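Chain nomenclature is as follows: A, B and C, assigned in order of appearance, with residue numbering initiated at 1 for each chain independently.
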Amino acid sequence: MTKRKNENSEAETNKSGMAITRRAALTGTLAGVGALAGAALIGGGTGPLIKSARAHTGGSADRPIKLGFQVHRTGIGAAYGRWYERTTVAAVKLINSMGGIAGRPIELVIEDDGTDPKRGAEVVEKLATKHNVEFIFGTLFSHVVIGSAPRAGELKIPYFVVSEGYHVASGMLNRYVFQPGITDVRSQITAISSWVLGNLGKNVAMIYPDYAFGYNHRDYFSAAAKAQGGKISVLLPIPPTETSYTKYFARIPSDTEVIYHVMVGPGVLTFVKEMGEHFGSKRPKIFGFLDSLEAVDMASPGLEYLEGTHFWEGMPRYAGGIDTPHERFYRQAVGVNDAGASIQNPKDVSTYSHMFGCWETLFFIKDAVEQSGYQDRSPKDVARLIETSEGFQWLNEGIAHPQGAKKFDGRLHQCFGPQFISKVENAKLRVVHRTSIEDGLYAPEANYTKQSL
Amino acid sequence: MRRHGAAKIIVLHLGVIGLLFLAQFFLPAYHQSNAIRIMVLATYAVGYNVLMGYTGLLSLGHAMFFAAGLYGAGLTIYYLDFTPLQGVGFGILSACALSFVFGLLALRARGIAFLIVTMMFAQALFLTTLYFNEITLGDQGFVLSEKLRTMTIGGAVVKFSDPVVKYNFALMVFSACLLLTLVLARSPVGRVLVAIRENEARTRMLGYDTERYKLLSLVISGTISGVSGAAYALLFAYIGSTFATIQYSIFPLLWVLLGGVGTTLGPLVGTALMFYLIDISSDYTSSYLLVVGAVLLVLVLWFPKGILGTLRERWLSWLP
Amino acid sequence: MNFGPHLFLAVLEGTVSAFVLAVTALGLSLVFGVMRVVNVAHGVFFMLGAVLAWWSASIVGGQPLLGFGLAMIVAPLVVGAVAVAADWLILRRVNYNPESTIVATIGLLYIIEQMVLILYGPDARPVPAPVYFRVSFPWFGYSGYKLVVIAASAVLLLGTWYGMSKTKLGLYMRATQQDSQMAQAFGVPVRRIYATAFALGAMLAAMAGVLIVPVQQAHYLMGMDPLLLSFIVVIIGGLGSLRGTIIAAFIVGMSDGIISVFFSPTLAKILATLLVAMVLVIRPGGLFGEEEP
């Protein structure tokens, strides 16, 4: 890690914080949704959902609850943004058909930030002060999250990001920022490391993008390898402007057992093809993070070489990876077929490993609002909402959380869910391992609850 | 440049500053935060205008000066416990030093070659912010927490995260740079710069050391851009390499062109107009860069002098 | 891998990028030489070529060779037409003023990029190579198509050289480049030559895009890198010198690969960029160009 100075950091926090107590498992549960889920499933998952009983906030029933959705419609994040938007719209439709949040229908206000941190901060201001939304959510790319978060903190507006970055849990941001819908990358790496080292090999070459997201992989996987008797044969950071990769493969020592690759960016198909040309059939085992192949068809020309290799998936793209009625319901609600592509256009592949975060975040917000009795953006209500959210400990698997049950750490403002390892077979991804939540836990480095509101 | 306009000019500029000051009491929250941003970015455009508007040197690399101010302030506050104002001061110094060294080297090139040199240096600085990512956190960037942006001045606690402080700090920074360029434009030095813009060879023949004037202009321009970058870091609390990309070199060019090349108030008009153009158009189209592109074309084709430049040409010949 | 094979690989990679770069930069150099303007939209012409190649490939379906052939015809024609329109609607109206042209082509760059985003989408899409085979060296394997790219680029370079030095059009262009007023006085239709040069420059970029897309992928932001590299090449080669451009393309293409054998790639890019800037500072006309432009 860098010598980052961090006054929020709570490095000395007792290690026992890692132990999970299932005691308070129900605190973060959607009581209403559980019942609704049942109702929906009986009706085949598509039938009209029964309106839930209006929540306890009676008087405000018809005043819509305005949610600001900060989305990457243009810029480098656009391929992700499009699916974040579809997932969000689907979740809002579902929640509204269930009677909204605390009886109030959700009104979505969408603003594009161009995947740019300057525009991101402006969008946060616009949503908070012009549109007067209650909360802002949905930001994905790390630099946009980090550029926008200070403004959210200053405007004292709850800001729910769906970014998988370690910036929330590291304590870098502020008390108004939450990541309750998707596991952070440090936890993802921690979770899959023992499987990779145990099943693929202990001598690993790492290829990762030469910026912060890549360093999380470098640091936390290297640490895991060291702890588990593995060895990193070479570290290969790739500059963000790179378009050709062959020269990097030449640096991989011949005794390397596993190539670990994380290549977020449009160059991934080239990367895979050149890897194939370089190594041919005498290749090491290969393990990658699916981030770079999100929205890319596994049967694309040039990806043949991935056959037989393994991937991390946040949520299995192909149906059956999570065999639950909730997963099937979610898949249909967001308009995705069994192969993880759009039902209307099978060539339009989704970002299935990440977009569930938007869905789950919306249900988290619903839960937080209803349990805290939040009414409007008064400092008192916002504080109650934040404190209530920080008190959540478990998010139970169900329609609200189709990716799986999650532990929520109120100090870190971060959730921890299961991760999936899949093998490419016949140009499809088949889940071979599902990690437990405990696999992904690490000693917390921050405690937001000590910051003032 | 005519003398008899002096009173009018001073009244106009002080009036603009006064209006901006009063605006904070009337503007709704949203437009108030926009105004803060516009004033900081307009400062950047003011700096750019010194080189492009008054000296006639086109640069596509000013992001390096903005970034020098941004990182100079951000890194020292973050790592070295500088107070906010010390940090801003260091940011300004960084930009000043960079523009001086850069000027010594780059001004040897002329015309298109100069333009491309500016672009190359800016690109190198951008890559440098990525290369030293252990410190800068590269593309992801880092945040200045509220605590780091708080200091005591004469016993009073000043929080640079507070909207009132922000607004007035931005106003002070903008006003100072605006008045500086006004003084410069009306000074003998400013007239030499304009002479260089109009005809460098003839100016040299008149006995002026044009190289030194160009260097001076570049240093003033780069330093003011750095002021803007440092203020941006302090007020908006985020430092990342995005601000060193070529896009952020194109923005001040766009603002200055829109407002009026070589007019003192043009940068403010251009920045504000472009800000609201993007903001409003984003309600109708998500491709705000499409709007930027279209505005650039319209300007070049029909209003090459920008808004205030056109006003000055047609009606208000006294406008500085 | 041992040093020898590693260097061999770097040279091989460098040769491929040098050839593609030469074709792209030649287009930029042609425009600069004849018209004395810098076309910032050159990179998007490259990108348009790649996107049209994807479009051609998806129209003909499973026949990569046919799709490639179609792209080699369609991409230059469409991009050439866009360039002629840009020349007619924009550049001519600003009278080819160097500064205005830069601003106008920046505008054009944003507009075309965003249009492609709207019509084509944000995804990076692959295009199958027209011919595919893997060449096995004792130490590593290599893409056969990349060797095809070398050959095709060489043909394009030779064609451009022939056109410039042996045809009447080439004569007109060279005359315009040397002195446009004099050329006009001798009956060269300078305006039309400008439009032709701008179109030819764009077509070269488009064809380079078609050639590279089976190696990379078509993406709406892919034009920035070739643009910057082409700038570097055109500068080192001497603004407006075609021969210098080709030599410089090889220096830059090879050195990018070879420097990265020894240094971290980001550091290599910083050094290369500063080196180019210093070349311009010391010799503003470029290494092979006229002393003062």
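In this section, contacts are C-beta pairs under 8 Å (C-beta built on N, C-alpha and C of every residue); 3 or more make two chains touch, one makes a residue touch a chain.
If you're wondering where the values come from, they're calculated on a predicted model, not measured in any experiment.
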- Message: Can you tell me, using the touch rule above, whether these chains form a line, ring, star, complete graph or other shape?
- Response: complete
- Note on the structure: Note: of the two pairs B-C and A-C, more contacts are counted for B-C
- When the C-alpha atoms of chain A and chain B are each averaged to a single point, how far apart are the two points in Å? 38
- Centroid distance [mean C-alpha coordinates] between chain C and chain B, Å: 33
- Query: Just curious, how far off is chain C from chain A if you go by their C-alpha centres, in Å?
  - Reply: 39
- Query: If you look at chain B, which of its residues touch at least two other chains?
  - Reply: 127, 130, 287, 289
- Among chain A residues, those touching two or more other chains are 74, 210, 239
- Item | Residues of chain C touching at least two other chains | 114, 117, 264, 266, 269
- Item | Residues of chain C touching chain A in the complex | 1, 5-6, 9-10, 13, 17, 114, 117, 121-124, 126-128, 134, 136, 140-143, 215-217, 219, 221-222, 225, 257, 260-261, 264-266, 269
- Note on the structure: Note: in the complex, chain A contacts chain C through residues 74, 76, 78-79, 81-82, 210, 237-239, 241-244, 246-247, 249-252, 254, 266-270, 273-274, 277-280, 295-296, 300-302
- Note on the structure: Within the complex, chain C is touched by chain B residues 58, 60, 105-106, 108-113, 115-117, 119-121, 123-124, 127-128, 130-131, 246, 250, 253, 257, 287, 289-290, 292-297, 299-301, 304
- Note on the structure: Note: in the complex, chain A contacts chain B through residues 2-5, 7-8, 73-74, 111-112, 114, 116-119, 121-122, 125-126, 129-130, 142-143, 146-151, 153-154, 165, 167, 172-174, 210-213, 215, 239-240
- Message: Using the touch definition from the top, list the residues of chain B that touch chain A in their complex.
- Response: 28-30, 33-34, 37, 78-79, 127, 130, 133-135, 137-147, 161, 163, 236-238, 240, 242-243, 279, 282, 286-289
